[in-house]
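Chain IDs A, B and C follow the sequence of writing; residue 1 opens each chain.
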Amino acid sequence: MSEETKLQTDNLDLYYNKFKALNHISVHIPANRITAVIGPSGCGKSTFLRAFNRMNELIPDVRVEGQVLLDGQDVFALDEVELRRRVGMVFQRPNPFPKSIYDNVAYGPRAHGIHNHQMLDAIVERSLRSAAIWDEVKDELGKSALRLSGGQQQRLCIARALAVEPEVILMDEPASALDPSATLRIEELMQQLKAEYTILIVTHNMQQAARASDYTAFFMMDDNRAGTLVEFGPTRQIFTNPRDHRTEDYISGRFG
Amino acid sequence: MTTVIHTVGQTRNTSGQVKSCSTSLAHVTSSQYLRDKSNLKSRKLTQQSAFALMWLAGSVAVAVLVAIVGYVVWLGAKVITPDFILQPPRGGMAGDGGISYTLLTTFYLVVLTVGIATPLGVAAATYLVEYAGAIRKHRRLWSRLIGIARLGVETLAGVPSIIFGLFGYALFVSALHFGFSLLSATLAGACLILPVIIRTTEEALRAVPNSYREGGLALGATKWQTIWGIVLPTAAPGIITSIVLSVGRVLGETAVFYVTLGGSYRMPTSIMSSGRTLALHVFYLATETHAFDKAMGTAAILVLAIILINLVINLLARRLNRMMKG
Amino acid sequence: MAYKSARLMDRGVKGILLAAAFLAVAIVFTIGLFILRQALPAFSQIGVFRLLSGTEWRPSQSIFGLLPMILGSLLVTLGAIVMGVPLALGCAILMAEIAPRSITAVIRPAVQLLGGIPSVVFGLFGMRVLVPLIRQIPVPSNTGFSILAASIVLAVMILPTITTVSEDAIRAVSGDYRDASLALGATKWQTIVGVVLPAARSGIVASVVLGIGRALGETMAMIMVIGNSVIIPQPLNDNPLTILLSQARTLTGNIAVEIGYSSGLQTNALYATGVVLFLLTILINSLAHALVKERAI
């Protein structure tokens, strides 16, 4: 592959206790591109995503084998707190803190030791602008984030993730709880963001994957119900000319 | 990407990260801050010290329990003999004798209070949960009354027990001339545990899934048949828990009985007899007779009974859990 | 036929249950009204203000001032809160957020058991262990029976209430918040302080308020360790902290100690003490209620 690799896994196996959820996943995720992760429910997409910011570790009895690399560095050799600053995450359900809009965005920078007010103000504005929500909320930064609409909340969560200046943004079905117009706004936003960030997005929406992503990874469960990577490639190729018949079946099934 | 902040003069910074912020800060960027891992160590250190304090708190709580139970049971064990349990107390400055009558009084009182309060409390809770809920929609006044009733029960559950004692003294001991007696103590004690039983039973009834009720009604059973045949049996472990809890409450209660039961160490011969519960006996031995060894022995028995009750409650809770899941 | 009798039974039972509910509620209200009625002569003959602000309580001379007892109750409660709340919250945070399940499985039953131990047992332990220890402090006229002893005993007694209620509140905080915070690179402790505790705030405050209610209401353990002198607590020497070594009497203790031998106006004044206590706890409990209802911003 000619592109520069940002994230990489080598023979990644992941177990929830005795259950093997990921089986030998090896993939290179290119930098400054949007990579979509698709596949049937329960095939390990979220698990795969959480491997990159080590959020799986928060679940008791999870065991990981194989390698996960960020810029060629083993993520397990990094401090997980520092890793998670560099690899941000947006969740399926919008989950703003029950705090003001401002405090939501400032939360991350504050946690990392920035308390200077001018600096925080600048970060909040820049992040909200990048997340394309600044114009909607700039006059009411003190308002509770819980009073925003679902789509606004999700963009606020993206702003919150951007505020700590990550290099990668993991998005786990970020639009599944949103209506079509809010979904479109998130997709537009992703296009703007990819200039500076590497984006990895899980989606159940084939149109969305086809529309918005540059690369696509297709996961499936193998005979032991462990998630395996069936096919990875440029989105156009995966959707028009898949190499594996299982990819074709899945995509045509989902489109049809 | 990098935002240049021009900071002039003093910043309102609290972390001490940007101390010399007069002019040199002019070109410090938030990006540099975020990439700079210098505060990672101090954050981890803060976390470690904070967690250490939490662990300390947990250890202290357990240590206090072990110290109190250990102290009382250890010293108490020295006087607990078959004689201590089977001999009647004989009063006197050394707290002579055993605790047989005390055990008897305690037993009477527990049975009587719980016996009175349970049917009343369970019935009231059943009405509040199963019948009063349906009223709400069309009868304003009635539903407001039910609301007040709930508030009353709620309030009473948080009222200090000495208030119940005061009430019992005023009504039963003085006004009704029952004097310091098992009768006065029973009635006051029943009032004390009534809110406990109502509340716990209400909770147990609410935990019964609505589908159970609908299932019963769909089979053509009347409302009461459904409640009696399905709802109450399902809620039974919760109701039993409330009864066991009440037993514990009566065993441990002192204030109410101090002002309604009097303090006679003699054998209770009728419902009008004065008497002593175990807890009261501990109090009298410690404060009036200074027979601390006997007090410890009695307290040890009390503590062991409470431990037993806690075990029973935990077993019931586990049963309840399993039933709700299965 | 069977159907008809079942219907009849249904009605009958409903009536019985209603009667029970009515009786239970009647009892609840009788308690409040009865005590109030008994207290009225005290309020009218002594005066509400003089009763509450009077600094002396001498039944033999018909002087009834509750201020010493009010201060005693407040000081003891304050002491219990200062010592007990950090301990209890530490326990709650440990169980809900930090300790592995196996450790929590030990601490929780211990805390629960602590909550079930009768107050006379705490009192006995206080008399035999704490009071003699405190007596060692070399301050003149220090008897060991003191506000300090009472506060320590109370701190332990309110721990289960506060720990249980706030642990529940902390556990009820949505895991989404924790994930969001950790995913931003906050440490676990930063997450606890920055997100979890604020989200659980109303429940935690409610637990403390409930603890205060419990502390104000405790009777027998207080009688056993506080000395019961009717005095306005004062430092024993020029060190203001020695106020903790002062004896005192609580509102609850006042009732329990005197009601059995009281007569006339004294009895009424004791009922008035009960009314004050009753109102205080109602106030505190409704505060706790309001707090639980209050939503985070």
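Rule of thumb we're sticking to: a residue touches a chain if its C-beta (ideal position, glycine included) is under 8 Å from a C-beta of that chain, and two chains touch if they have at least 3 such contacts.
Note that the coordinates shown come from a computational prediction; the quantities given were computed from them, not determined experimentally.
Leaving out only chain C, the chains are still linked to one another by touching in one piece. Ranked by separation of Cα centres from chain C, the top chain is A. With centres defined as mean CA coordinates, chain C is found 12 Å away from chain B.
Centroid to centroid, with C-alpha atoms defining each point, chain A and chain B lie 47 Å apart. Shared contact sites, meaning residues of chain B that touch two or more other chains, fall at 43-44.
Residues of chain C in contact with at least two other chains: 187, 190. For chain A, the set of residues touching two or more other chains reads 81-82, 85, 111-112, 164.
Taken together, the chain C residues at the contact with chain B in this complex read 6-7, 9-10, 13-14, 16-18, 20-21, 23-25, 27-31, 34-35, 38, 86-91, 93-95, 98-99, 103, 106-107, 109-114, 116-125, 127-129, 156, 159, 163, 187-190, 210, 213, 216-220, 223-224, 252, 255-256, 259-260, 270-271, 274, 277-278, 281-282, 284-285, 289. Those residues of chain B lying in contact with chain A across their complex are 1, 3, 5-7, 11-15, 17-18, 21, 30-31, 33-35, 37-40, 43-44. Every residue of chain A that touches chain C in the complex is listed here, in rising order: 53, 55, 58, 60, 81-86, 88-89, 91, 93, 95-100, 107-108, 110-112, 144, 157, 160-161, 164. Per the touch definition, chain B reaches chain C in the complex via residues 43-44, 46-47, 50-51, 53-58, 60-62, 64-66, 68-69, 71-72, 119-121, 123-124, 126-128, 130-132, 148-149, 152-156, 158-167, 169-171, 180, 191, 194-195, 198, 222-225, 248, 251-255, 258-259, 279-280, 282-283, 286-287, 292, 295-296, 299, 302-303, 306-307, 309-310, 314. Residues 79, 81-82, 85, 109, 111-119, 122-123, 126, 164-165, 196 of chain A are the ones that touch chain B when the two sit in their complex.
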